[in-house]
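Two complexes, one shared chain (chain A), two partners (chain B, chain C).
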Partner chain A sequence: MSAETKVLDSWVLAEFATPDALVDATRQMREKGYQGMDTYSPYPLHGGSEALGLPPSRVPFIALGGALTGIVTALAFQTYMNTIDYPLNIGGRPTFSLPAWVPITFELAVLLTAFGIFFGLLGLSRLPQPYHPVFESEEFRSASTHGYWLSVPTAETTVKPDDIKNQLTSLGATHVTVVTGEKE
Partner chain B sequence: MIAVDRFNGGSKTMTLAGAVGIVGLVLTAVGFFTAPQPTMFSYLFGFTYWLGISVAAIIMVAIFHTAKAKWITILRRTMETMGSSVFVFALLVIPLLLGAKYIFPWVNHGTDWVFPGTDGVKFTEVELHHLHHKSPYLNLPFLYVRQAIYFAVWIFVSWRLRTWSMEQDTTGALELTVKQRRFSPGSLPFLALTITFAGFDWLMTLTPLWQSTIFGVYYFAGSFLAAFCVLTIATVNAQGKDEYGTLVTTAHYHNLGKLLLAFTAFWAYIAFSQFLLIWVANIPEEAGWFKLRIEGAWKPLSISLFVMGFAVPFFTLLSRNLKLKPRLLAVVAVYLLIMHAVDLYWLIWPAYSPQGPSFHWTLITSFIGVGGLAVAAAMWQARGRYTLPVKDPYISESLRYVQP
Partner chain C sequence: MSNQHTSTLRVPLVSEERTLGQLTEEICAPMERKPSRMWWVAFALAVVTLAVGVGMVTYEVSTGIGVWGLNKTIGWAFDITNFVFWVGIGHAGTLISAILFLFRQKWRTSINRAAEAMTLFAVMCAAIFPVIHMGRPWNAFWVLPYPNDRGSLWVNFRSPLLWDVFAISTYFTISAVFWYFGLIPDLATVRDRVKGGLKKAVFKVLSFGWTGSSRTWHRYETVYLLLAGLATPLVLSVHTIVSFDFATSVIPGWHTTIFPPYFVAGAVFSGFAMVLTLMIITRVVLGFEHLITIRHLENMTKVIIVTGGIVSLAYGTEFFIAWYSGNPYEKFTFMNRAFGPYAWAYWTMVTCNVVSPHLFWFKKVRTSPAAIFVLSLVINVGMWFERFVIIVTSLHRDFLPSSWSMYTPTVVEVGTFVGTFGLFFTLFLLFTRVLPIISIGEVKSVAAFARGSHAPGHASHPAHGSETPHEHPAEAPEPLPTPALAAAVVRKDMPV
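Entry: the complex of A and B
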């Protein structure tokens, strides 16, 4: 038994009929002090991150890092290649032709910004995630079609799963279940 | 029942702006009789600055209708009002046309033109020959005809959209929205061509042997940004009785901030596109315009225009928190309006003063003269009307707008 409790954790899952009900319930559960909750919906949820009390996204800083990396890399490469390593006289233009380097600098900045946003978002969201205990529930599949779900981890609270279930039901959940699976 | 009533304030602003405008124009007229040439260049500066904002506001309304935008509905009346002041410029363009020979070297095929800032340098034989080839376009009668076309298009589009919009305030008829939505996309090609050729006529032909096809877009890009700045400032300050500013939410300001950021970048993109192609090609007939500006006495201003007009506002506006604070956003908008003035000065003044940046007092008088009249006209148009389209079918959606 003791070996099992170390590797397994439980989540209470609750399905709500509408996005508004989900956001409302999430906010109330957070105000009761539950932590580590997450919401699941088939499309972006208005007010979801505010209800979860998530901190401001760190993606913009990753994007800025990508942009600056792109600018510095492009300028350094072009200066090294065209001015230092292999200077060529092209139509009498100076070998250090800053205006001509702007397009490549711009493009590389945009490319690395996009990479930064894409991979930064994946990384911060810990994706791709082939397994998560909530997948143990068969009904949870509706989260990708028409269901609005809230997950409450039991590991971070002393409240019993049955009490959490009751609280969620009183907040308007249409379906409540407990899933148990390997820890993330 | 709607709580907002028709707007009847602003008479002080209107009187003050009108008085400043008349005093400014009278002083400019005095300047004309003492020093005609710099005064005409100054007048062109003031005229193109304020007219660009007015026309850009008309284009803005047409674009938002074309995109079937709903969030902007609460701000639309202000844009319509800004555009409605365009009729003033139909009168203000007359002095410009009468004094054309002082600013446009191509008048009379360039034979009379003496380059300012030189000891009587005139066009060479070859240059006169080139100018003669351009005379089917560059002649005074055709210039007058073109001005008439521009103003006919601008006044008609502005009047048409605004009249339907105001009619809806009383009737609430839904088909008026359909009419506006249908009319706008059709008007856009005309608006695009008129502002492009207006930019050519007023600014590019100051250097008649130079041409750049992107020039009209450059003038439009700067004006469009300036129009968003005016819209932001007007919205932040519209907090009085019956004014729409109190109904505007953070989400609207966030969008205005994003548009300011986007069009700061757009202006810089167009400016650089124009510069890079000419710089790389390095063809004598094209390069001269930029040679004057990036070498010698105009170089510091050109570099500071890039830094202060693009780099500083761009990185400032990247901040999300700033865009959510209306007062700070208004400060940035005022800054960008100043930069737009520097931009137009940079476009116009080297033609008058190739030896380097200089100042003439009529720059100030014509700027506040034209601006005062334009603001007074807009206030006059705003009074007695609602400051937002109260019965627009999308007004409640606009009021409830949140960031997607």
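Entry: the complex of A and C
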């Protein structure tokens, strides 16, 4: 997207008093058919991902991929270096000594799995993100300390922002606001 | 549904009523106010000690390892003792953050951040010793398998010393990733509190633009669980491999199959002692007594009783096998340990590691920070002597009596060891100034409100389903725990 064509994206943000109120409201809003919502809280909400209807995370598959890469790489380079390229005779032991390859294979598998899921999470969650529309709201800063917030993107629904605001207020939101920011 | 992360039947983990905002304030306070006079005194002391260490290492590297007390018979002594000592201390951090997480021990939340930082600093101290022991540390990169012009002479992958290189470097990297990963939400909290300026910019970058979104938390919890699942075997493997440095040799006293579990238990034993030493000081100096409560300290002393028991059993088993195997060399080594010229070191070790932890059976001792503090120091002295005894007494009476020898550390060796404490405390003191030393997000999930008594931070609005727990105790307790690894597969919600 070129810099000239700035697409404005507006989100309705609602703060709730308690985590339970947030989870409840999220579920009801989803049942009304709203898409692409997200909740924000200072710690993981119990039942938050269920209320949003999030599918199971793909992270475990990334982990499996990392582990397999580590195992194959470690076995390959140890065998190549000590068995094929420069066989070292250490006290007449076999140059292909698989049991001795195990510790390093294990370590490399763990290392690559951890890197895989760490960077995998950043990739899936699009972090680091220098900009997000929610940062436009000063009140939203409480999401990282004590606030429980719900965001409803207006782009994916035909309902007017004011109607969304009313619906959220009737679900118990203590503070409702609309933020407009640039779309990615 | 209720957002409960802890059972109402349990003693609260945060001993005073706090709202979420207050918790954030309190934990961030030490990094936002000016350092106290006490901090400056401690920091000055640590830096001076560190300078001593730097001086000693500089002298040693520029002169050669002849300045150490090593000789032809005793090629490993103070340096390797210190290496194993520091690596061992590092283990408690990962144990608290990973193993206790998998076992759903919620009390870990207020100590895991500091313990993980301690792990990183301890591993840094440990890594110094093998590198300077090389004598020519500028060639340290030779331990890595890189293409070279010596025909590509590769490293020997059958050597436990090389396994150590991979184990320690992986351990350090994973510990750092685990620690940083846990920090991200808290970095965002700090970012949102800071008004502006350089500090804001730094925390903006460090927090990766974290918004606290459920979509991210959802993956975050999976990643955290997986990292914990990875760090658990890793922490066991690291000290196992360290023990292989000894166990795969043919030296009587080293060549034993019980070394891996024995070393791991010893590492946890000494690591928890070090965590206690640090936490007891930290909670008083920073006023965190209601977050790092007596209950936390008490739980750690219980871990010490168990691991101390395993270590004692290992000492007994070694002695028994020395006799039962009928191997005269083995038997001699052990008799020499207990009654030879280094008997004083052996009995120091036994007193500190076998006898002293049993004082923790008394509730009075377990709940007295002063008593725990003294005992934690005693245990660390004992664990240092354990490594010294294993290394030096096994070597100093060689197979040939003509090569028998004695070892005494020189000033340079002692100075280097003291210097690593300087490094350790310098880093730890800086850490208490620049980062939240208690995991803010995790403590919130176990704070008093989570017991369902009232809504967090909004006492005026009653929580949804805010019946008092006593009226409906059946609704209150946590769902039955799923086995951690099964949870990893089916992705059950695992609150931190």
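Just so we're on the same page, the second predicted complex is superposed on the first by the 178 of 184 C-alpha atoms of A that agree within 3 Å, B and C clash if a C-alpha of one lies under 4 Å from a C-alpha of the other, contacts with A are read in each partner's own complex, and residues count from 1 in each chain.
One rule holds for everything that comes next: contacts are C-beta pairs under 8 Å (C-beta built on N, C-alpha and C of every residue); 3 or more make two chains touch, one makes a residue touch a chain.
Values in this document were obtained by computation on a predicted structure and should not be read as measured data.
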{"item": "Which of chain B and chain C A:T113 touches, first, second, both or neither", "value": "second"}
{"item": "Chain B versus chain C as contact partner of A:G33, first or second or both or neither", "value": "neither"}
{"item": "Which superposed partner A:H46 touches (first chain B, second chain C, both, neither)", "value": "both"}
{"item": "Contacts of A:M81 with chain B and chain C, given as first, second, both or neither", "value": "second"}
{"item": "Partner chain(s) touched by A:P60 [first = chain B, second = chain C, both, neither]", "value": "both"}
{"item": "First (chain B), second (chain C), both or neither touched by A:A100", "value": "both"}
{"item": "Residue contacts on chain A - larger count, chain B or chain C", "value": "C"}
{"item": "Chain A positions touched by chain B in one structure and by chain C in the second", "value": "44, 46, 60, 93, 100, 103"}
{"item": "Sites on chain C touched by chain A in the complex", "value": "1-5, 19-21, 24, 145, 151-158, 160, 162-163, 166-167, 170, 173-174, 177-178, 181, 185, 188-189, 191-193, 205, 208-223, 226-227, 230, 233-234, 237, 241, 244, 440-442, 444-445, 455-458, 461, 463-465, 488-489, 491, 493, 495-496"}
{"item": "Complex contacts: residues of chain B adjacent to chain A", "value": "272, 275-276, 279-280, 282, 318, 320, 402, 404"}
{"item": "Touch list for chain A against partner chain B, complex", "value": "44, 46, 60, 64, 91-93, 99-100, 102-103"}
{"item": "Complex interface listing, chain A residues touching chain C", "value": "17-21, 23-24, 38-50, 52, 54, 56-57, 59-60, 63, 77-78, 81-82, 85-86, 88, 90, 93, 97, 100-101, 103-104, 106-108, 110-111, 113-115, 117-118, 120-122, 124-125, 127-132, 134-135, 141-146, 149, 174"}
